[in-house]
Structure formats: C-alpha cells, structure tokens
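Naming follows writing order (A, B, C, D, E and F), and every chain is counted from residue 1.
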Amino acid sequence: MLEFRSIDALIELTFAEDIGIGDITTESTVSPSQQGIGTIIAKTGGVIAGLPIAARVFEKIDPALAFQTFVSDGDSVGDMAPIARVTGSAKSILTGERTALNFLQRLSGTATLTAQFVAAAAQYDVKIIDTRKTTAGWRAMQKYAVRRGGGHNHRFGLYDGVLIKDNHIIAAGGIAQAIGKARSAVPHTAKIEIEVETLDQVEEALGAKADILLLDNMPVDLMHAAVKKIAGQALIEASGNITLDKIEAVAATGVDLISVGALTHSAMPLDISLDLEVKIGA
Amino acid sequence: MLEFRSIDALIELTFAEDIGIGDITTESTVSPSQQGIGTIIAKTGGVIAGLPIAARVFEKIDPALAFQTFVSDGDSVGDMAPIARVTGSAKSILTGERTALNFLQRLSGTATLTAQFVAAAAQYDVKIIDTRKTTAGWRAMQKYAVRRGGGHNHRFGLYDGVLIKDNHIIAAGGIAQAIGKARSAVPHTAKIEIEVETLDQVEEALGAKADILLLDNMPVDLMHAAVKKIAGQALIEASGNITLDKIEAVAATGVDLISVGALTHSAMPLDISLDLEVKIGA
Amino acid sequence: MLEFRSIDALIELTFAEDIGIGDITTESTVSPSQQGIGTIIAKTGGVIAGLPIAARVFEKIDPALAFQTFVSDGDSVGDMAPIARVTGSAKSILTGERTALNFLQRLSGTATLTAQFVAAAAQYDVKIIDTRKTTAGWRAMQKYAVRRGGGHNHRFGLYDGVLIKDNHIIAAGGIAQAIGKARSAVPHTAKIEIEVETLDQVEEALGAKADILLLDNMPVDLMHAAVKKIAGQALIEASGNITLDKIEAVAATGVDLISVGALTHSAMPLDISLDLEVKIGA
Amino acid sequence: MLEFRSIDALIELTFAEDIGIGDITTESTVSPSQQGIGTIIAKTGGVIAGLPIAARVFEKIDPALAFQTFVSDGDSVGDMAPIARVTGSAKSILTGERTALNFLQRLSGTATLTAQFVAAAAQYDVKIIDTRKTTAGWRAMQKYAVRRGGGHNHRFGLYDGVLIKDNHIIAAGGIAQAIGKARSAVPHTAKIEIEVETLDQVEEALGAKADILLLDNMPVDLMHAAVKKIAGQALIEASGNITLDKIEAVAATGVDLISVGALTHSAMPLDISLDLEVKIGA
Amino acid sequence: MLEFRSIDALIELTFAEDIGIGDITTESTVSPSQQGIGTIIAKTGGVIAGLPIAARVFEKIDPALAFQTFVSDGDSVGDMAPIARVTGSAKSILTGERTALNFLQRLSGTATLTAQFVAAAAQYDVKIIDTRKTTAGWRAMQKYAVRRGGGHNHRFGLYDGVLIKDNHIIAAGGIAQAIGKARSAVPHTAKIEIEVETLDQVEEALGAKADILLLDNMPVDLMHAAVKKIAGQALIEASGNITLDKIEAVAATGVDLISVGALTHSAMPLDISLDLEVKIGA
Amino acid sequence: MLEFRSIDALIELTFAEDIGIGDITTESTVSPSQQGIGTIIAKTGGVIAGLPIAARVFEKIDPALAFQTFVSDGDSVGDMAPIARVTGSAKSILTGERTALNFLQRLSGTATLTAQFVAAAAQYDVKIIDTRKTTAGWRAMQKYAVRRGGGHNHRFGLYDGVLIKDNHIIAAGGIAQAIGKARSAVPHTAKIEIEVETLDQVEEALGAKADILLLDNMPVDLMHAAVKKIAGQALIEASGNITLDKIEAVAATGVDLISVGALTHSAMPLDISLDLEVKIGA
C-alpha cells in the first residue's frame, strides 16, 4: 500500500531501539519450534486504526507469521473486542508484541478521539481537521488515523500549503502585502490561507482576495460576526484549543472547518493487548 | 552530547515530514534578512525536558541561530516561565518553531508526570521507573525525560535486560526451567527478572534464585505478603496500571521499584509556545 | 541554505559514481602540497544557475578550498565570462572539476532556455512555468534553475497540487464527478486544476467550479475562444509542446500561465569550463 | 539484474521528489479497483533503452502490475511503435507514468544519438565511446544506454582508469614524470592514457611507454600525422567536440576510439508516451 | 533469522567494495545462460560458522541460486569436507564466491579457535567467553561464531553491561564509590562487574557488594587466593592474555568465566574454498 | 582526507555495535568535567597504520578531544613506543578507547606483516601486492595499510581490473576466446590479466596478447621456466600461499609482482594499548 511506504523506516527505527541485537529473554526461554496464537483485543472500545502497521511489524519480524484481522481500520468496536490474530512462532510473536501494540494503541487513540469530535459536530456541515502538532516521525500515520476516525487533513507540512500567520503578516508589512507576496511566489495550484483575529483583519484579508480565513482563538460571538461578514467569499477555518465541550457551539457558527490539535497531541492510547496462547508440545 | 547522537535521524525525519522542499509561506513572505527574537514560554508550569533537542533542531535549520536557555532540563518552572530564547533570522525561527515545540512539549510532559509520581512516593525508599510503552522512534528521549523528572529507567529494550513473563514461563515449562535457561544463555552481566502473580510463584522464583521479582497487578495486600516473603532475597518491582492515586499505597508495601507505563504512553504535552518578535527594518 | 539541503545526497551519489575509491590519476601525479587557481568560465553566454551547488561540491571534496563567485545565480553573462574561481589544493580542484561543471552546465542551460521563453513573452502578463518532466534526482535543482531564469514553478510533485487529466476524468465518471471527488478528499488549501480540450469541457469544468483550467494542446484560435468563455472565472494554463516560435502567439491569447516541458527535459548544457593554473614550486 | 542494482536508490529518490506522501489527484479520483492498460509508444522512432528500469519503476509502485515488452533495449523502432504494455490498477499506472517515461525518454535519447554516431563511422574499425560528462546519479544508466546504442564505454570514473591531462603533466613536471608516477602508483592492471596536443608530445609519450594516447582537439591533418607516427605503438583515442558532421573524417584518420561527450550531455529525449485505457466497470 | 538481520548492511558494504559497478571479468567472459555447481570445501578441518551468511550473500547476488548445506554451523568437520553447495548461474556464483568465502573463513576460524579453548578447559565448570576486541562491523557475527564454537558471550557492548575498570575507579574516587554510582544510575536489571588486581581490591569490592569480580592479569597463585577469598559471594571472571597453554591452569583455580580476546582478534581464517564445475553447453 | 571518506560509515557501524545508547559504566562513574590524557603505546614494535582513523574515531566521539601523533602511518617503531596522545574529557577517551584501538591494532598488523614480506624480497625488483581476501567493510583501509607497509595494491575489486581465472577460461571456451571477449567488452583503459598453470597455457596466453600473466601455485622451477618463456612480453604475477619462508625464492625467479593473501586475511593485530591518566580534581 503506497500510503504506508514511508513507514518502514520508522518500524526499523523501532526495532533498533527495542530489539537491537535480539530479545534475550525470549531467545533463551522459548524454543524456535514452539507455535502460538496471539489474539489482539481492544480492552476498551473505540475506533481502530493501525492494523496494516501492526501486520507490517509482524511481517518484518518473521515473514512466516500469519496476521488475520477481524475488523478494519475505521471500524468502531466495543469493550473486549478481538480485532486481530497473529499465528506462528511463539518466539516471533513475543518479540513483536510490544512494538505492534505501541502503534495500534496510539493510532486507535487518535481515531477514537477524532470520532468523538466528528460525532459532536455531526449535525453541521463542517469538517474536523488536524494540525501540524504531530509526533516526530508519526505524521503520515497520525493523519491517516484522523481520516479513519472520520476527520479530514489540513496541509501535510510547511511545503504543501500556505498558511500566513501573524508573524508572517508583520514581517511582510501587512495583510495585503503578505497575500500578494505569497500569491506571486507559490505555485498557482495553492490557495492562500491567512490567520485573522479581528473583523478589520477579516475585511482586509477579503480585500486582498485570500482564499481561506483562519479565525484564530475568536470567541463564538465574534466568530458569528466574521462568518456573516465573509458571506461565502472565502473558506473559513476555526482554530484555537477547541475542546469536545465547545465544538458544537463553534460548528453552529457556520464555519467550514474546525482544526483540533488535540487529535494528534493529546489523544490517550486505546487500551489494546495481546493474549498469547502457546501450544505446548507443538 | 553522546546521549543525543541517535536523535539526529529522528530530527531529519521530522524535517522531511514537515519541511520537505521548503516552508513556502515563510519563504514567500519573510525576507531572508529579517531578524527576530523567539522566546519559548511554558504557559503552564511543570518540569522541563528537551531543551538540547530544541537547540539541535534550530541549529540544523540554521547554524547561525543563537539558542540561549534560562533553565535546564529537569528544572521545575511556574506558569508563563520563559525557558529559552532563539535569536537570528526570523525566517529560520518560523520554519523550526513547530518542530522544536513538538519535542519540548511532549518531553516536558513526561518529565512533569514523572515528577508527580516521584513526589507522591517521596517518603519511601522506592524508585519510579519507566517501561517499554514508548513512542516509536522516541525511546531514548522519553527515557531521558523520565530521568530529568526524577525517575529511573528500566531496561532500554529487549536486548539489554531479561524479563521473564508468563508466556516465557509457559513456553519454557515452568519458572525454574525458564530461569535456568535464561541464566545459561545470557551474558553473566545480566540479572534475571521474572514476573510473578501469586505467593507460590514468589516461592518458586526465589528457589530458582531469580535476581528480581516483578509483582504483576497484585492487590496491595498480596503485595505486602510478597514483600515479606521475599525478605531481601531479591529486588522487587511493582507493576500494573499504577496511578497517581494508588502509588503511595504501593510504595508503602516496601517494594524497591514501581514501573509506570503512563510516564511515556499517557503524559499530556506541556503547554509551551514560542513568541516571536520580528525586528522590522533590521 | 535550506533550499539545497536535499541536494547533498545527490552530490554524494555523484562522488560515489565518479570518485569512488579515489582519483587514481590525480593522486599519483599531483603532490598534495601543490596549489592551484581554477577559473570557471562561461565559454558561451547565458543565464547562470548552480553556483551554490558547485561551491558545495568543492567544499565537500576539500573544506580548505576557497570558492569565490563573480556573478550570482540568475545573472546573464556574455561569452567567455569568468563566473567563479576556486583556489587551493590543485589535487582537490582536479578531482571535483567534472562534477561541479556537470551541475553548472545543465542548470545554467535550463536557466538560459527559461530566460529565452520569458523574453519571448515579455510584453504579456503571463508566467512561464515548468512541468514534472525533470531528470530523476534533479527536480529541486531544475525548478530552482527555472526560477533563476525568470520562470515560475508548477506544483513540485504529485503530492502538493491537484491536476486532473483525461484519464482521471474517465476513471471518475466525468468532469463534475472528478472535481467533486478531489475537492472532498484533498486538503482545503489546494486548488483544483483540470485539463480540458474542448469548449464543452471548459463549460463543464467552470460549472463544477474548477479553480484552474489547463488548455491542453489547443490550437491558438480555440485557445482564444476558451479564454473568452472563461472570462476570469478560473486561472488558465496553456500547455502542449509550446516552442519558442509559438510562445508569443500563445501568450497573446490572454492565458495566465504557459507550461513548457522543454525547460527541464531539452535544455542544452551551457558550455562552461574550468581553467586551472597550477603554481609550480608553491 | 546485477547491472541495475545501484539504480534502486535513484528510483527511490525520484519517488521521494515526485510522489512523496502520495498522488493526491489519482488517489481522490480513481478507485483502487479500477483496472487499466497502459501502452508505451515511441512517437518518433529511435533506439530504445531503459525498459528494465521502467519495469522496475512500476514494480516498485505496485508489485501487482504486469509489465510486458514488445522490443528489447538496443532495438531500433519506427515512429509510433508500441514498445511495452503495463497492465493492472489504473491508479498505480497513473502514479508511475511520469517517472517511468522520464527514464525511458532520456536513455532512449542517448541510445539513439549513439547509434547515429556509430552508423556515421560504420565503415571504419573504430569504437565510439562516452565520457564522464554524465548526469549526476545517472552514470551507470547512461553508459548502459551508450552500449545499447552500439557504442562502448570509457572508464567508469576517476577510480578505474588513468587519464593524464595537461594539468597533471604540468603538476608532475613533464610527460615522462607523469607517466612514471602513475605507473608506479596504480594497480598493474591499469593502462596509462595520456592527453597529447602536438607531435612532440606524441613522441615524448611514446618514449615514456604510454599505453594509450588521447589526441585532444587536433585538426584532422595533425591527427593523421599523429596516427602515422604512433604506428601501432599505442592505442589512439580522438576527442574534442566531435559532431556527427565531423566524425567520418576523424574515423578515416585511423584512430582506434572516438569519444563523444554529447552522447550523454546533449542527447534530446526520445518522444515516448503512455496511452492509458481505463476499463470502466471492471 | 532475526539474529542476522543487521548483517545485510555489512553484506551491502561488501558488495559496494568488491563488486561496485560490476564484475567486469565475469560479465565479459561468462554467458548469462551458463550453469554451474559450486562446492564449498573446508580444506583443513575445524568448526564451521557462517553458512547462513554465505547463503544470504548468494541470495542477494542472485535470488535464483540454490544453496544447500551439508553441515550446520557449530559442526566440526575434517579436512577436505564438503560443507555446502551453490547451484545456478555460473556468472552469479563467480561474482559472489570471494565475498561468501571471506565471511565463512573468518567466522569458522573463530568458531574453531573457540572450540580449542573450550576443549582445553572441558573438565572444569567454567565458561569461555569473548571480549569487545572484535572487528569493526563484525561484532554480532563474531559473537555468534563464539557461541557456535561452544563459547559464551560477554556483554555485547558498552551499553548492555557494567564493567568498572581501573580508570573508572580512579575517576570515581575508589571502588566503593564507583560501585555505588553505577548501582544508582544503571537499570536494576544490570549486575555490576569490577576489575580487581589485588586481594585488597577483592575485599573492597566484596564489601561494596559487587556482583562480579574480574581478576585482571593475576598470576595463577594469586587467582587461587582470590577465588578462595571470594568464596561464592560473587561471580569470578579471569582475564588477560590467557593462551591455550595457560587455560587449563586458570580453569583449575575455580573461576566461573575466562575471557579470551584472541577468539575474535587473532583467530586464523579456516582454509575454505569453492570448487566450481561449469556445465558447458548447458 | 579523501582517502578515508568512505570509512565514516564503518566507524558509525562500530559505534552502533559498541556504544549504542551509551557507555553505561563510564557515564555513571566518570564526571563529565574530569580531564584525562591517554597515551597510545605500541607494546610490541612494528609498522604503524591507522592513526588518522583513530583520530577520526575520537573526533566523532567528542570534537573537543585533542589528538596528537608522535609518528606517522608507515613509520616503524620499537617496543613500548608511544605513538599518539589524546587529551580531553576522560569520559570521552574511555568511551572511544576500544574502537580506536581495534582499528589501530589490525591495520598496524597488516602494515607490519607487509613490511616483513617487502624486506624479505628487498634485493629483487619485485612488488609485493595484496588480494581481495580482505575483511568485509575494511577493504579500503586494509589496502591503505598494505601501502603504508611498503606494499602495492592489486585491483580494488571486481570492477576495476580484469583477472581471468580457470573458470572464466572454461566458460569462455578457451584462453584465446576469454581474452578476446574481455578485450572487446571492457574499457580500453584496462589491461587483461589471466591465470596460467602450465607452460602451454603461458604460450597460449602470450599468443592471445594477454597483458599480464598470473602464475598460479607454480613450483619455483616451473615459475623460472615460465618467466624465461614470457621474456618481457607480459607482466608476471606470482600467486598461491606464498609465505615469508618462500618469498625470496619466488622473487628470485624474476617475476614482477608477488601477491600475498595473508597480508589482509592472516595478519596478527599489533599489541597497542592506551594508558589513561585521569586528572583528579581537574
């Protein structure tokens, strides 16, 4: 799958830090011929994400392991749901267990939290999107988990989207200048998004033909006014510590997109474990 | 610093995912000659960790940036405390800001949570230690953050310590067999640690001369009894979803070490931001 | 310079293929203590690009070499113009000569050809842009050379811009469907560009609110009609084997952008050489 | 195939620059289940080179694609000749199309130009050879394309052959000294080639028992005289901006080898395209 | 096999240094269709180690080669014993021959020497162990060869075991201080080993509860006295230029482990060659 | 130094295997502020090689260390000769000690053995050369050590020299055919060397105009006869388990080159150690 091509390097890094020269406990206590069945269970329910990565981890540990899934990424499961099974050398399963779970737990945590935000805003025509507040090395996976949870992605990085913030505005000498400079320098395929904090800035940004306005940390009332003033002349993104409590009110203002840093920086890992049944005498 | 040598690869990965072919917003709106001062501020207080990594991020973005720290890793700071300052090209500061903050926020989150656990058990002679439940690619940094928060480290990975768990015991054919196999196979420099769940297992493990006993998910009463039975014949580690609420009771049983997975898998990022002052006309 | 960060890997590849275990001729005939002055000369005039890369090549061969430039990338020079000088160990200069020239010649060739296209369309308000028809490993450098020649860049790759071509339209089931699918899937920061070949397709694409229309291989008359019909509702890019002979006529139709594959796939290298003066007895 | 082992790194570099985090257009508009047939066509005739590389590109994009060739590298084809077919996921074909074509077009361009030089000198017993004026990262492929066009290769790089040029002679203190130094330092398996510009230098080089003489930029008359003087005592290579117009006259002088930089630095890409037929409803 | 996962990088390095752009002799003289059978023979007897690595070398050269073993790593063979056979393309066998043999010869040399040390001390309850005096890049393989020869491994590197030497003692301010500092800083899973040279140091180390004492360069008499004084309170390792002549006397002192640097730094390669039978007309 | 550019990768590999996440002994017992002076001493005399590599090891461990040499690579020293000094952080010196010594000991071993062979053949006009029997990853360094010991290098690998062995001859269908095929395929800069075992083969090889004859495992008498028959028509290399005892007799036959596999595969490491003086209270 193209989507996960870049993830092999991270898996290798993980093997380097966790396995290194070998799993000395397992190698000394478990015979290479012992077979096992590992069942991966979501102890608490949520939205699953990361199964192809867990599969890849076990495949790299030992290509002879069989990995079977009971659900797909994006599925919502209840407490104690079995989500996958890995069968083969008990030694290989034990060696890969922690690494596979570390990926599954965190990515399912992000998918689950995203689904909660999406549900809370479900009656409005708004997209829940992520930010660049991701974990070093994990961006592609975390953005994938956001999609599996029903969210959408903001730009991937600094290179594939323009987002003019206050410091860029100051450095460029004003909103119109910043938009103009960006417009003339970046590929014509990129829209220009700009951060605004007041209605005056909204007006100025519209005057300079910004494609997208990011309403940063605005109180809900002000957001309402801004949406009204913009009146369809630009896309509108709301941003700034928007919690599950606040999201419905924000969505009700009529913004097009709500970005939530917590999806990637503060999601709790889902409690997922692997139960191994070792076949003695096998 | 030797300690961070392996972290360069992760920083490069982060640049690849965040910066790629360049920060198109900053490059088009900020002149290369503009100077700036970025002050890094802990908006909520806590224990700081990761300053040398933030410094390394900015150094790799632009060797001409100056990075000055106001506190050291391991220091506890109050709300709104300035912790570092980066001076030089405004363009470079803007490009590195998010990456540097992502490291600082997460590592300080782990150091802060560790410090809370350490404080809660402070009147006992017990070490708070981490686990292998770390983030892919981040293990060395997270274990460092645990130390800066006053905790200690468990083994680094599967290769530098023996920890015999239930599945190893089953596969080896019993506690004595597992310990024996491990003892004869691993370097003589390694102690043998084994997971036990009952007093019978404690007895069996002591009989097989285990060096360390890991009391896994034991109720506090049982833990008390186990500590009494062990009576100094082995080191004792307590483990199993030990929260801030429960830690004092666990520490009071007399165990030597308490391992806490949450230090690395569930610490909230500390709220740290960078305030940039762009010098216009500079 | 951030812009060239990714180029080090290509330079290393070049050293691997050209130098490998060493320059056996130079090492056996030239004493390490011999000093030299190498003057880099554009034997035929043109627009120079690639000087920082040539500098980097020599710096990596031998950090003690001094590299001094007489012009800047983007400058237009006449026949036999000296453009840079490298001073230091004659051995190091000889070893790096071919690699440095290979970069300079090709990139200056692209900058020079770009400048010719830009000049030919100078009296119209149109941007000359590049394509993805670049040399494997050279894209960042070639796009840089296009900018130095006065051109602009199209999207960098498949990941940072949407360009719906005929096959995408067929696969999606029509123009409206293709635009709709792309709009809902890609980040909100991306504009939607679509290839059209007839006036009917122009109409359909405008109806689906495409942001950019690429007029593909249209005769100039048809292009005129298309520009008139679009009437500012979308950006317009002209494309399809547009040569120096044809570019003025294309520009006169009123399109916003003209993309030219030849800038990167068919530019002749500029004739640049290095004259080395070895100081005997130095 | 051993020959192409080192090329994987370059293909990966190309994916990094072209595909990165994904082909956002194709991923959003083309269903993963859609099948397609891509026919690769040489729109203008020539000598084909690079089919195994195109095959490798598609294999790396998607191992399930089938790649079938209608001709072999080195074959000469007419206008509009189908040369290969790729079958499978339409999405994968679209994603790899540009990368595969970029390789095929340039390498076939070099093979075609080489064949023209070889044909022009066909009635003489002379080899047409390449130079080190190759594209960074492409040397192995370009030298392969020269062979497919009927040419031969000069040394691969600075490390596997000795070629003493004027600066080496000056630095060593004369022709005899340079040859002597090289002879004593390089492996005994290497011949010594030296650049000469006058008949006196020819004599001196023969006296020093050079194995090969490179006649650099000599007028044809002088070349004739040099060949006569050498009289079989050494191999003779002619060099210096030798064009298709001039090659027959050069070959007629009786030299053994003619090196042509243009084969790799100035060959126009052959016009090759991919026609995709998407199977709707498949 | 997990054990050899990290060795691929070294094999690639070897291909880079030995094969590079290709085996020009074999490629020009041997037809790709010629088949061959290569029999690998231990010309002098010994203990074999490295067969999986030889297999991996040939697999990487050409996945179509078949590699069949007649013995296993750790087996002892007599003079002229055939140990493996590789069948397939004669060209591929010739290209990989030297690389495969270089690995087999050295690793079998280490296994053979280890077996000689183990045999010489066989009547005592003592383990023969290796040191860190390994060849750069070869540590995992050499330690594996020691195990195949019947020896055991000391710590893998500086990171997975504590060994306090004289300079650490001086720097820490004494034996007790050094042991105390190490104890409080390293994971609780690590034993503390310390180098001692006199009986006073033995006493001091025991007082500080060292887990392991390394008797460094002690005469056999002193070693006897030390073993007696230690009396089971710690593990005992003997070290210091212990040759085959001296090992029985050292083992007789009652030490638990004897470390021998020569196993990895001075083992002669076993004389192993490959006899190739080329099938003509095949 | 260009010569050692490729060695950084091997040093990094060595750090990975020896230091990994850190030197836990030194880090816990030695204060970062403690200074030390390490004197590197050749306990037994010999020819030194590898000082720049040892310097590079320490520089990479800690750029603040100062490395001073008392002799140069290629110098012959007596027993107990100090050869270099490293000054700075005691912690850094201890961490790099083993790695630096491992390089120095082996390379000096090769240089010393080479010097012994060279001395034994000193009164004849013959070069002592190495083979491809090198240690994986070490070829460039070992060939360098051979040169420092007064020897010369054979081809670097399979790619930069032609050596036709018996299997190539059989596969090609005879000596003349093998030489002819090689001559027409490899660059004109390469000489053709061929292995011969009988006088008939010598004659056949001379008839086919081989440039170099390798007399493989010939008795000295036969070698004499072969040299006489060749009579200057080709270079002559003698090969085949030529020991220090036999080398003078071989040299006396009049061959031009004698290749000795033992230089790289069987040289004993020179006994070199590092004496560290820790400055207490510094």
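Convention: a contact is a pair of C-beta atoms (placed from the backbone, for glycine too) under 8 Å apart; a residue touches a chain by one contact, two chains touch by 3 or more.
What you see is a predicted model; the values in this text were computed from it and never measured.
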item: Far-end chain from chain C, centres as C-alpha averages; value: E
item: Farthest chain (mean CA position) relative to chain D; value: B
item: Between chain D and chain B, distance of the C-alpha-averaged centres to the nearest whole Å; value: 53
item: Computed distance of Cα centres, chain B from chain A, in Å; value: 22
item: Per-residue multi-chain contacts in chain E, two or more chains; value: 19-23, 27, 95, 140, 156, 159-163, 190
item: Chain E contact footprint on chain B (complex, rising order); value: 127, 129, 152-156, 159-163, 187-191, 193, 211-212, 235, 237, 256-257
item: Chain C-facing residues of chain D, complex; value: 9-11, 13-14, 17-31, 34, 36, 90, 94-95, 98-99, 102-103, 105-106, 132-140, 156-165, 167-173, 178, 181-182, 184-186, 190, 265-266, 268-269, 276, 278, 280
